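Two complexes are shown next, each including chain A; its partner changes from chain B in the first to chain C in the second.
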Partner chain A sequence: MNSRTGISKEFSIMVHLSSTLLKRYHGGFVVIRLALGGCTNRPFYRIVAAFNKRARDSKYIEQLGTYDPLPNIYNEKLVSLNYGRIKYWIGCGAHTTKPVAKLLGLSGFFPLHPMTVTEAERKRKQAVLMEAQQVGEGDKEDEQDKEEQEA
Partner chain B sequence: MAASCMVRRVCRLSCCMRDSALREWPARALCASRVSYSSTQAETGADGFPKVQFSDERVQDILSQITGLDLQKVFRPVKEELKPPVYKVMTDEQLHQAKCWAAEEARKRLKMPPVLPERKPINDILAHDKVLEGLETAKYIFTDITFETPHRQRFVVVREPDGCLRKASWEERDRMIQVYFPKRGRKITAPPIFQEANLKNVFLQDQHEALLDLCLAQFEPDSAEYKKVHRLTYEDIEKQGKYDLLRSTRHFGGMTWYLVMARHVDGLLVDMLQRDLIHDAVSLVSLFNLVHPQSESAEEAHKLKAEGIDLIKVYAKMESQRAGYIELALQAHQQAV
Partner chain C sequence: MFQVARSPAALFRLLTPRGGVLVEAVRGRKSRNDPKAKSKVDRVKLPPPIDPEEMVVLKERYREYDLIVRALRAEFREEVMRRRYEEQVGSRAEERAKREAEEHRALMEWNDRENLRLRQLREVRVQKQVEEEAKRRAEEILLHEERRQCVLKEKEQEILQLQEDVKTFITPENLEQRIEEALDNPKNYNFAIDKEGRVVKRTVLP
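And then the complex of A and B:
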């Protein structure tokens, strides 16, 4: 197997044929993360395997998918994932960032991320509080109306 | 691609439909390996007789024979970019070779699209995580974009807002695959021409062939909409008797198969006899007997071992509703001969 590891030992790229133009990064590693694109008030993410030290939107090693955070007319958020290549990069020792790990957990590829569960619980509690507040406000308005009528 | 076609050319119904859909079949044939149509095995009919399928060799032979090979119609001029005409000076032998090559090309273009049973809806739930309720208001659709997987085996899963992880339905699958692997001539949402009200206008303009080409480009062959459009088209053709519109096109075989399965063969038979296509009429009746081996005409023909015109006479006597017409047409043909 040809493994041209001209890069530091921290992340052992076993079989990746690195191009000679790829820079060496001290203590760097490959990471699977979201690179932001799109326009003002219209985000669009590419799921990308890149070196950790690189800028968020700059040169990446490989694009592994896309994520559109705005729902479409069918109320769907589209996510595309190249599972074959994601498996390869994780096998080469790539890390994933939290949002990517959450997406992969939602898709069933990874187990569910604990923060996903926590956020769901927090939102449910928030929703219950908001309902209670609204009911409280509704009661107050009824009382005020009654007082005005009596007066 | 389709948009630029419409802008460049006159926006008439016929040219829109033909241009966008005409080039589809060769492209489909190239990537046929990525889309695998599962052929159903020979099912046994009601009485335990083996049911003949559309993809059987005998059926395909008969249908391709009935379709005919009118080179003038297959290679009729289509609205294209203007190019100066090419004139070639050929010897008789070269002309003969060119005609053989043209016939081969025409046969490729006349390859019949498959007739498949309607696909069953997908109702597979992979997981139900109730802890995720209230997290999101929108669904997530995850599509696997590995290039080598055939589209039929691609993973497309949906995470609902209530935490249910299920396989995507056929419509969602088609839409996602069109988003990430766009096919030429196919739109993400079906064009309004396929609504029933608009289909009537199409039929009034005799645009059945172009409509079926467009339907083939837009829908999968086993989807409900594909079957519905084809059924309505074939029924309209049979009602109006416009069989010649589809003759020598790749949809003729499908239409004949539909009519034979529905047992509405009389109109087509009469039309063939009126156009003096006796061989085609004989093949049609033999196909009918193949597909319905328990029908009276099939059993009678098997008893008498009828061949040729006798087959048609047996069919006219036993099975058809327009026996008078068929016999008149046969007599007229024999007098002409």
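And then the complex of A and C:
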């Protein structure tokens, strides 16, 4: 018989860890993220509270909403959020992924994500540049036409 | 190296002749010790270019965002803990305990009433059963008595019959007399009978 105090070569007890112990042991945490569903060329996301180590689409703890990335006939992207439960999970210490944080920011539950603002600014600058370019090209064409007419 | 990909990864033809097989390749086609491709030997991978002004602004924004989100998290955590506390210890627990006590009392009352009702029914039923038992037993006793009487009567009949039969028995004293009688009166048991039941006794003894 191996004594528990001494060093035993074989394991004297083998135990199945319960979920709390398992979480502690693996250092896992709860995460609010998007789980992908839908069909080919038609994605659809569920906003879901799940353990970090689980696969993206596999068993989750609770569904907290949906996000449809394709715009509908009124050019809207529909998002649903269960604020009460999201509050509960964040109070229990759940992390959020970047897209979920952005969605929450846009909905007003969180402050606006910095990258949303930055991306919007970048797009605006790009749009202004493109307009300037087009205007410049239009001028150039006018000048060319004038030269041809003169010539 | 060649794995089964769940999502359609980049499909490209290997260097095979016409009618080549399309092999689905996954990220990380090369294993650890494969040499770099000739076209990529001199490639220097640089991080994406950043605008310093934008970076400063972005850092400031992130700092504020982080602050606010941390504050929100703390608030939510506090709310969750407060709710839990209320559940277990605070006012809600008391209300719940009161409600449950009320419910328990009401249910116990109902239970008592039901018990009373059933008890009354049971008593009536038991009474009836006892009476029936007594009746049945009395009847049984009567029957038994009757049967006994019948049997006795039969036995008496038999005894009387026997007493009468004794007179016709053949005893050593009667023996000779009876033999003489039998020899003197020959009896003829032969007869014929037809389907209608007409008996014919015509045979003659020799």
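Note that the second predicted complex is superposed on the first by the 125 of 151 C-alpha atoms of A that agree within 3 Å, B and C clash if a C-alpha of one lies under 4 Å from a C-alpha of the other, contacts with A are read in each partner's own complex, and residues count from 1 in each chain.
FYI, a residue touches a chain if its C-beta (ideal position, glycine included) is under 8 Å from a C-beta of that chain, and two chains touch if they have at least 3 such contacts.
Model, not experiment: these values are computed from the prediction.
Engineer: Identify whether chain B and chain C fit side by side or clash on chain A in the overlaid structures.
Structural biologist: These partners fit in the superposed model.
Engineer: Considering only touches as defined above, state whether A:C92 meets chain B (first), chain C (second), both or neither.
Structural biologist: The answer is second: A:C92 touches chain C but not chain B.
Engineer: Quick one: chain B or chain C, who's touching more of chain A?
Structural biologist: Counting residues of chain A touched by each partner, the higher count goes to B.
Engineer: So, A:V117: does it touch chain B (first), chain C (second), both, or neither?
Structural biologist: It touches chain B and chain C both.
Engineer: Least CA distance chain B-chain C after superposition, rounded to whole Å?
Structural biologist: 12
Engineer: Do chain B and chain C touch any of the same residues on chain A, and if so, which?
Structural biologist: 112, 117
Engineer: Can you list the residues on chain C that touch chain A in the complex?
Structural biologist: 54, 57-58, 61-62, 64-65, 68-69, 72-73, 76-81
Engineer: Which residues, counting only chain A, touch chain B once they are in their complex?
Structural biologist: Residue positions touching the partner: 65, 71, 75-85, 103, 106-108, 112, 116-117, 119-121, 123-124, 127.
Engineer: Of all residues in chain A, which touch chain C in the complex?
Structural biologist: 87-88, 90-93, 110-114, 117-118
Engineer: Sort out for me which residues of chain B touch chain A in the complex.
Structural biologist: Its residues touching chain A are 126-127, 129, 131-135, 137-146, 148, 155, 157-159, 165, 172, 176, 179-180.
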